[in-house]
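Consider the two complexes below, in which chain A is the common component and chain B and chain C are the respective partners.
Up next is the complex of A and B:
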């Protein structure tokens, strides 16, 4: 019998116990995979956004608008190549009463600043020409089954129209994709024309926006430009706060609260419990096999190889359970993603798998080491005599 | 029954000799119950903070279809009209007890953070606002002076965010505001900064208000107010009782946390069931000879089942109690904040309520029962002769 065979055979000596322990490990890693991917959404979601763009908002809060008259001043700053802007619309899709991430903007400027969105040029042109034009991301279009050329009524919970109606009529003139997988996941956005917004809103709001987005020249110093912008408008009612797109995204997500902290507490509880369960099983199985281990040593197996046997057993147990648990988590994540139409991305990605494998290694050491050391220290005479 | 008691007594007295597997059940369940209780304590804390904000005899009036104060805007004519409508109770001065309020947002930096700003509600109020919220008390400094750029700060804001302590200056839109006092209300206003409505209007370039808060006149007040507003062609408004307005805001959060707690508890619970099964099988195996001896002496199978079940349940109960204590010590009254309906931070504390503890106990007993049943049946079916012969 090979050594591997020996380890596996030992595991299946008490079949019920091994299977039950395995199931506990599977559950722990299923939870690990799911929670860790939730954590990823809230912590590193903005990682793929480069630092080539700056977000300018009102210093007091991005819910306070800035005047569009700032535009030429921003464009004149050295290192700024193009400036776009976007105004929050508060769009609501009435059929399901869900909030849309929808902005009013100037199409040409936005197109220039965001080359990451891929859409046929003809559709960009149609968006520029059509006053009531609307473009949406692929994900959003799929979710609500919107087709190109369709009329889409969207209401705004902030801006009624001049005629008092809350429902705005739009013509869907374009559907955009992301340039890669990361950007594709963010295609849950919708954009309308700033002109249509200014003409039709009841309050006669004109010439204002929530965000300016500055595109920087290659090699431009983002930090220095941020400071220049903020200094330019200091002590005016329209003081600004300028940060990279990435920093903006991070602070935006942070507003929800410290999800990461909560997830870490739960994972700590889960793994502490697991440590005890599996550790106890291993200790028990070594305790029961003391005479056997002594026989092995009598036959000439070194202390180190006996230690190896026990450690290998722990490792196989945790590895098998861990892998199955992580696969289950991946499947469950994919199911959640499908069930919510891509609205809630629960993806057990490479990073999560990497952490999972690290946890498997650490966990097998933690549960196997004590019993393994005990097996190594075993004195043949005492062990044989004790039974 | 007497047999069951006798065997149970025996098995419980022998737990210390088999402490390791028993400990697995206790710790496993403590983990499940602690996580479950902590998550739901968060939901309970959020809910209680928002619910206690709303009074039943006060109405919130927003622009139609705006859902939250943040999205709502009323011009000065509308808010003046609203105050004259029937159904609103008169205050001590004989005028309608109503406050037209302007909600705007400013960013403050969370304690322990360096730059990420979080949205904080700045509420511009009229003097009647204090009469409409008798629960609000100034606990340090003084209240703001109308017409001056002065703020009073809620206790929750002070607990979670920096830069708004009494005496400090907050910069907003190119002007300086002094924080002159601290207040507490025990509800979601604790997460706000208050100032004079007119000063807020001029600084933020807003002419009207976000909402009107009005004290209702008697039990039929709401209906009269609603009818009058619906009949006025100049007004298109939503009128809600304040308590309904605030409890409506907890739905989404409750749902999210409920789903999270459910999924985590089910998966962890399953893990704990498997661990408990393992431990109880081990316990039965360890006592195989003892059980066989009892059976040989004439004890029935049923008392054996009962004794194993009771042992599992007792261990589960111990675990649940431990878990509840851990959740209480670590999380009860822990102050945190999250985004509320107005896209601003709501500061609240975890609340480990007796109801949650009871629910945790029930879950633990359920797991204990599942984990004890199969091993108990195995124990009762052990063939007496083989067990006795085993070494």
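Up next is the complex of A and C:
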């Protein structure tokens, strides 16, 4: 027998109670892992994007389109080297009824503004000259098994064609990769020709787009240019809101609400409940064996050793539950990622694990310290006499 | 048996219960030679268990001196006293006080976790201790699977395993029937006679006291007489 063995044996003196407590710890850390991953997606997803591009949208909402006639004015602003634009298409892959992240755009401009997408030049050219051309990211192509040259039927939940059909036919002319791991994770996008969109959509939407994307010159002052753009269109029918791509991505996801704040409050509630549950278990466990703890001291275990035993029990309990919970969260995250074909990257990454381990240590101290101090303070004679 | 194992000199013990101060021992002086087997008797509240706790280093006197095996234990701090107990004294309680989650051998091994012995050496010592108390075949049983007498034997093995020279036993047969009690007391006698352990037991039972070499009577915190 070892001290560790003794700690574990003590933990399982009330098997059902320990298992139930363990389950509550597992559930709490499962939630922690998943919610923290969601938080990571929403708060840090755009970190690698940088601030070399500006997004210009209608001031009211990005669902309100802006006229393409703004393009020359934007291009003329000092510090802006190239301007691309993209229109939300709202594609749905018909075979699996899965929502796609799909935009209509002008190929050459987009290619110039986004050098991070790597695709053979021949495919870019094919995209440019094929009216029904479609290019997709590697992830998307792999997910649905799409091959170059394939005819891909995609429905739009917003834009019916002039013939009333919502099903659009595309020719897959290119598959692009990301320049690095971060960009590769975003290859779940699909792009179509702006010309095809304008010609075929039933509503006759022409010469309008949801976003302009401004490529800035090296060293250009993004903030000053943003202000210039917005000032340029102030008091016009098409007032703008301009922000860096990174800020745009963050504000886009925050439309749902402040995800970080929501996650923090949910986790606070979860861990506060856990604190009460495990804290009560530990306190009860120490109360039940006051005479046993006194016997340990009688045998020669110091006050500090007894404190250590109780703290170790709390630590083993929270550690076991915490690790299982985090592993389950990792598995669940991977399953969600797989089920959504990589469109929802619910990854319990190193950062989340680090926070999880920190939470395990803090929670162990929080639930174990008071009972451990009580055990440490026990006077042998009183405890043996049942006082 | 002339070399002293326990020397209690002018010891007073006062307990505070709320605002009330209760003096349990009043300037008590006592010598117990090495190899002695002493029974402490007396009515409830006479201070028997208090004296036993002081001799075993579980509590400290309010005043006076206590020397055990040549060491002034009344002057030791709580950590030093714990360490002293681990190496110098074995305890046996009325209600055995075994750890219910451990087997008999686990219980006996517990004090050895405080030593630097290897796992193999610890297991060997445990096996010897269980052999001495006649429970080698019950090593893997948990306390709830043992009879009261067997539990007390395990407790005695636990007290013996680190080879202390002094055993203090508080009503070791108080929870046992006559036959089992006599077996336990016989075992203590063997430990005293054959293994040279100095034993001090507290008991209400005159028949139990008969197993000791001598009996000391306490009343109202003072030693009344010394019977051979």
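The working rule: the second predicted complex is superposed on the first by the 302 of 387 C-alpha atoms of A that agree within 3 Å, B and C clash if a C-alpha of one lies under 4 Å from a C-alpha of the other, contacts with A are read in each partner's own complex, and residues count from 1 in each chain.
Just so it is clear, a residue touches a chain if its C-beta (ideal position, glycine included) is under 8 Å from a C-beta of that chain, and two chains touch if they have at least 3 such contacts.
Quantities reported herein were computed from a predicted structural model and do not represent experimental measurements.
Visitor: Per the overlay, which chain contacts more chain A residues, chain B or chain C?
Guide: Of chain B and chain C, B contacts more residues of chain A.
Visitor: Just checking: does A:221 make contact with chain B only, chain C only, both, or neither of them? Give me first, second, both or neither.
Guide: neither
Visitor: Now for A:298: first (chain B), second (chain C), both, or neither, which partner does it touch?
Guide: After superposition on chain A, A:298 lies in contact with chain C alone.
Visitor: Touch check for A:250: first (chain B), second (chain C), both, or neither?
Guide: In the superposed model, A:250 contacts chain B only, not chain C.
Visitor: Touching A:98, do we find chain B (first), chain C (second), both, or neither?
Guide: Neither partner.
Visitor: Who does A:90 touch here: chain B (first), chain C (second), both, or neither?
Guide: A:90: touches chain B, not chain C.
Visitor: Of the partners chain B and chain C, which touch A:165 in the superposed model: first, second, both, neither?
Guide: After superposition on chain A, A:165 lies in contact with neither partner.
Visitor: Across the two complexes, what residues of chain A are contacted by chain B and by chain C?
Guide: none
Visitor: Could you list, by residue number, the parts of chain A that touch chain B in their complex?
Guide: On the chain A side, the touching residues are 16-17, 20-21, 23-24, 27-28, 30-31, 34-35, 58-61, 63-64, 90, 155, 157-158, 160, 164, 166, 203, 234-239, 241, 243, 247, 250-251, 254-258, 262, 265-266, 269-270, 272-274, 276-277, 280-281, 283-284.
Visitor: Using the touch rule from the top, collect the residues of chain C that touch chain A in their complex.
Guide: Residues of chain C touching chain A: 53, 56, 58-59, 78-79, 82-87, 91, 93, 97, 99-102, 105-106, 109-111, 113-114, 119, 158.
Visitor: Could you please specify the touching residues of chain B with respect to chain A in the complex?
Guide: Chain B reaches chain A through residues 20-21, 23-24, 27-28, 31-32, 34-35, 38-39, 42, 64-68, 70-71, 73, 104-107, 110, 113, 115-119, 171-175, 203-205, 236, 263-264, 267-268, 270-272, 274-275, 277-279, 281-282, 336-339, 343, 345.
Visitor: Please give the residue numbers of chain A that touch chain C in the complex, ascending.
Guide: That would be residues 1-3, 6, 9-10, 12-13, 291-292, 295-304, 380-381, 384 of chain A.
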